[in-house]
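As structure tokens, here come the structures.
After this come two complexes, each holding chain A, first together with chain B and then together with chain C.
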Partner chain A sequence: MSEKWKQEKWAEDIWYRGKVTRRSIVGWGGGAIGAMMLVPAPWRAAFGAEKAYKIGSEQPLSGPGAAGGKTAVVGLQMAADRINGSGGVNGRPIELVIADDESSPAVARQKTEKLVSEDNIDLHVGGFLSNICLACMPVWEDAKIVNIISVCLDTTLTTSKCNRYSFRPYDYAPAQAVAFAPTLTKMGKKWHVAFTDYSWGQSTRDAYINEIKKNGGEIVGTTGIPLGTPDMTPFLSKISGDFDGLFGIFFGKDGVTLVTQAYDLGLTKKYKFAGDGSISESTNLIAIGNKIDGFIGINRYIPVFQGPLDTPYHHKFFDEAKARLLKIDPSGPLPDKYVQSNYEAINCVKLGIEKSKFQGRADTMKLIEALEGLVMKAGEDFPQGDKVLRKEDHQAFPQEFIFEVSGGTYHLKETVPGDKTMAPPACNFSA
Partner chain B sequence: MHAVSQLFHAIPFDLLFIQTVNGVVTGMILALIASGLTLIFGIMDVVNFAHGELFMLGAYLGFVIFVTTGSFWLALIGASLIIAILGAAMQIVTLRPLIGRDPLNTILVTFGISLVLQNYALWQFGPVVRKIPEPVDRYFTLFYLQYPWYRILIAVLSAAIIAGFYLFLKYGKFGVWIRATAQDRIMAQAMGIPVPWVFTGVFAIGAAMAGASGVLFAPMVGVSHTMGLDWILKAFIVVVVGGMGNLAGSIVAAIFISLLEAYSSVWLDPSQAVIVSFVVLILTLLFRPTGLFVSTSK
Partner chain C sequence: MTAAPLEKTIPVGNAKLGHTTVFWIGFAVVMAILIVAPLILPEFWRRFLTEVLIWGLLAMSSDLLIGYTGMISFGHSAFFGLGMYGAAGSLIALSKSLWLATLCGLAAAAGAALFVAYFSTRLRDIYFAITTLIFSQIFYVIIFTWTTVTGGENGLIFTRPHLTIPFLYDARFTSTTMHWFVLAVVTASYLILRRLTRSPFGMVLQSIRENEPRTRAIGYPVERYKIVSVMLSGLFAGLAGVLYAVQNQFAAPDFVFFLTSGDTVIYNVIGGIGTLVGPIVGAGFFQLARELLARLFGDQFPYLIPLGAVFIAIIILLPQGLLGFARRWLNR
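Moving on, here comes the complex of A and B:
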């Protein structure tokens, strides 16, 4: 059956009668190339003739970080679809190459090498767990590939361990601490800090200790709890004494564990309770219930339409992200900062590529120069608000939202503009 | 005399008492998880790497039943039964064909199942952490803390489940079959005991215990696809320290390790206190590889 076509007349004409000659191939081929040259560029772009920009993205899609990794990918995909739907960047579409780092720095290093050498990505946008970002930053630097960090919050990524190739187009703990410390010291002078005992928790603890002290407050004690500790009660039971507030630095399900068990031991009733907004991300609120009522937090993004977040472009971002999140979780979570920062990171790359006319890895330095000092204006690309990527350390300073959680939702208390969150640069690219 | 008095003043007795309660509660949850693990190893020589995922699935099923019925107790019983059936099916389909093969085969299979179950839960339920409310939301004062009665209830329920299982092993017909199979598999088969079905039953019981502990623990941490990972490492330490396959040893080891960690955290940095259980594991492997709580007399 499959050989029957060979007996057809047209097939015999082509293959067996010697009618395909070098001359006819050159003739038809030349005609085709000439016709393509006459066709306008947008036509070619619309029909996918242009080579796509390959953007690698390492995300934890399995293991302990998988819950956050899944929502991060929603943000990436949403931005890529929107860009491709409107003609791409410089007429070229974006292709995402997503690698699962399995929440492990060792696996992440291997996947990074693969993205560089086998997948031949043009640049990287991603990184969720700080220990993984720290492990992979030298690889991006060695390969001379631009690395746009999209979730990792470890302070040192843009301070002592910074490099020329890595950028963080959202906030970090020193900026949040600058923004939040005046509120904290108004709530009370003496604080106890409980933190998740790994790179992000430790650097965030240090940032808050500095700023609380600068604002006339005092740290009476700190309690580090290892990442993923299921029963925190033995650790929390030690927290006692004369102080005003308990400050928590946790994320993911560790945030749920902290709030639930601190509430059960009466700590959040006895002391004022505040902390990093990662504790109260929308994906955690359902499990925590009313045990978090009264919590004061800070975050670069909260899914509400209050103050500067009540804009048409935020409504649009929120609605689309919510619809996409419903596809990965039947409970229909609201967008969180992981969706927001990944969405905006891709749009940041888009601006950089447009500005630098970046074509591929050979143009990496041109892209770096375009990203340094890049101004991102609030709008559909950046629904969170205005921000600038500071040239000296590749760190952005977006506006911060101080909020209270009650009745299962967020209530915006104060918006701190980005320029009021500035921490001095502490990065030396030549080091 | 003055030095002794000073030493007594330096010991925070209130914190020691609180940590004793914490250690016993955590130890009982750990004992419930570890007893299923050690039972499966003791009878079948299977190191079940999917045990943590059965714990996690138990919690998710408990959540589904709770949302449907509104009853925590129905969730506890229903989830345990369904996980028992799932465990039996898992044993028949994947482990029974491997009986008599190299133990590495069963390790790889159970590890593979753990990955499948974990990713299935993430796919099916999504990244949002789910909640099962505690059935008892009252508290009592314990020195400077309020202490939830629910934690005490967990310890009591875990003890009751383990005690019920012990009585079943000692006096139940199937329990006698299990003990006979554990003592001499070939002789038990020669005496007419259906050994393959005993294996299936044992796996189902171990799975049910993991499922029950998942539901019991869920109100304290929320339900997520990685909640099993957090417990399984410690459960393996307990099984090794207690003696592989030794049920009573595992229970004592669970409480011993939990108390040790809780007391250590009084004087050490809490993150250093976690290392204590690993130190005990290494010392056990070096000096008493059969387990700390196994009698050496013949």
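Moving on, here comes the complex of A and C:
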């Protein structure tokens, strides 16, 4: 009786004419599973809890900025791995979409458009070269996407060219000048400023001139040296006269050239020698050797375990960053401010997402409101220390470290709290 | 080098169409495709196509010098960049008018072209090329270091002007209207340059290219013709700069650097020198190949290596460029 249905015509068609067989069920089932694995996005979309936050990041992975860009990615990846390893943000993992801007604004614009319209990123964390950060700012604004700047130093990003969508959760030149000027004027009253002659060098020079004068000091002269000048001797040999200190504003290999040639000309012996911390980044120290001994600098991050940097969370950050850097550079550089600011930028986003319950681009305004005035407390997320993202200009003011270099290492001399580095806001979002 | 082809007939079915008819039919088909494209393409590819047209206009402007006058210029980055900065300066300091920005960009490029032309057209061949290269680098250094005016390394960013036709139309650009605007400008530029190169003036330029001493000997003031050629070329390069600035809302010194001129020469060689349309094809081929290689092999793939190999292969196997090859193939 129970087998009678098998003799029905419809049952015969199914079971005995090859329409549905065990083999075909296994085949179709396997195919369906394979399709689900091969086309994960719609499947994931159907189960919102597993959909990753897509964070775009434009970095110079080739071209002149490549070395720094690769270091920056170490910081980003480190933070993303840590977040994903602990269950994600609001239960959702983070997916980094990294685009190589080739250190070129034209390529950067194309890649930015692609991140926005093809990759459908939820927000952007990145930007290394200031000209690229500036060139891409209108895209983020037009697309209404939050842009967390992670390395670019140009002052105008959060002053005259600020916009509601862009944030800088680390320092800028005016804040460093406020922090450093009292120390400089204690070292000597009369200063000569040598700077790399392009926009960053010029805006940083202006910030220091302003603050040194405010603190009772005097600028007796300035020397601009074009970016990438391999022989600075013709410029440096003209620096002479009655002043107390030489202040340098350089970065990358220009920093190495300045220190080496100023030392050879006897300038660093004759005058006190101070400057922007970019001159003495850990990657430069190896090339400069002991010629930089006695240099006094300022930086938001130095790879030492002294004062407020001697914390378990900084040890943890340092060890992991060092191990990851060794994988991309066998010379084993120590972590620098580029790793630190990218690592903390992702964690800043994490806090903002948690606070705003951000789900995607539609919630951009909620995220902006959560980030404005965001308090970041020192800990595993922020090993550099406490900071606040100021609402008026989206600029953060972290603590600054004044240090001396000797024997190839940094010696922390003074820590300036973030609230003592504040420069007045100069941003108008409606402009 | 190519000259205007003799009027031939091409059999199409039973009818025989003249070259001119075939050209205009082809032109209409390509235009129809380019007009409809932004309505079909996704956002990224829409902008991509617009950018190809802009780079194509820059390459086409240099074709007037390279392909028709026989002078290889490495100064086009300066004209392109100054067009860009002229438009940016006008939009920041004067008014939000698209047309005023265009005029300012053209004036800046034309001024620079006159200056470069006056000094460099006395020279020939490699000396001309090197002089234009040096001038472009001088403009680059001025723009890079004159921070108070040009923004230095950071360049200038500004709000995109509205697309306005006085008393008739005033609206924000969308990616579609921007594409149509760029397409209209590039098409008009192409038609003007085509007319110029087929005019008696264009014939003199081609005569200079073929034999400069003989052109001088029969009484043509060669230097004057060369100056006008450089100026016209610079003007259209400046127009491309204006379009790029309006599309991307920024001007940066990187575009004034001589590498942009190098790219322009490469687009010419790939597409076909002396064809006007060829450089646009070359720009499209180069940009598309770069994008596809990046998508296939990842962002960090060194695309310049395979593209360099393709470039060498084109020089050896297709010296007339992609368009020249296509023409020969179609005419078989």
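We take it that the second predicted complex is superposed on the first by the 382 of 431 C-alpha atoms of A that agree within 3 Å, B and C clash if a C-alpha of one lies under 4 Å from a C-alpha of the other, contacts with A are read in each partner's own complex, and residues count from 1 in each chain.
By definition in this document, a residue touches a chain if its C-beta (ideal position, glycine included) is under 8 Å from a C-beta of that chain, and two chains touch if they have at least 3 such contacts.
In this text the structure is predicted, and so the values were computed from the model without any measurement.
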Worksheet item: With the two structures laid over each other on chain A, which partner does A:Ser62 touch: chain B (first), chain C (second), both, or neither?
Response: both
Discussion item. Under the stated touch criterion, which partner chain does A:Asn284 make contact with: chain B (first), chain C (second), both, or neither?
Written reply: first
Discussion item. Just to be sure I read the superposition right, which of the two partners does A:Ser104 touch: chain B = first, chain C = second, or both, or neither?
Written reply: second
Discussion item. After the superposition on A, what does A:Ala52 contact: first (chain B), second (chain C), both or neither?
Written reply: neither
Discussion item. Which partner chains sit in contact with A:Ser331 here, chain B, chain C, both or neither? Use first/second/both/neither.
Written reply: first
Discussion item. On the A-aligned overlay, A:Glu118 touches which partner chain: chain B = first, chain C = second, or both, or neither?
Written reply: second
Worksheet item: If you stack the two complexes on chain A, which partner ends up touching A:Asp197: first (chain B), second (chain C), both, or neither?
Response: both
Worksheet item: Which partner, chain B or chain C, touches the larger number of chain A residues?
Response: B
Item to complete: In the overlay, answer first, second, both or neither for which of chain B and chain C A:Ile225 touches.
Response: first
Practice prompt. Scan A:Pro138 for contacts with chain B and chain C and give back first, second, both or neither.
Written response: second
Worksheet item: On chain A, what residues does chain B touch that chain C touches as well?
Response: 62, 197, 224, 226
Worksheet entry | Residue ranges of chain A touching chain B (in the complex, touch as defined) | 62-64, 66-68, 70-71, 197, 223-226, 228-231, 233-235, 237-238, 240, 253, 256-257, 260-261, 264-267, 269, 283-284, 286-289, 328-331, 333
Worksheet, complete the sentence: Counting only contacts in the complex, chain C reaches chain A at residues 42-44, 47-48, 51, 141, 144-145, 147, 151-155, 157, 159-160, 248-250, 252-255, 291, 299-300, 302
Worksheet entry | Residues of chain B defined as touching chain A within the complex | 15, 18-19, 22-23, 25-26, 29, 115, 118-119, 122, 125-131, 133, 139, 144-148, 150-151, 217, 219-227, 229-231, 261-262, 265-266, 269-271, 273-274
Worksheet item: Mind pulling up the chain A residues that touch chain C in the complex?
Response: 61-62, 98-100, 104-106, 109-111, 113-114, 117-118, 130-131, 134-135, 137-138, 154, 156, 161, 197-200, 202, 224, 226-227
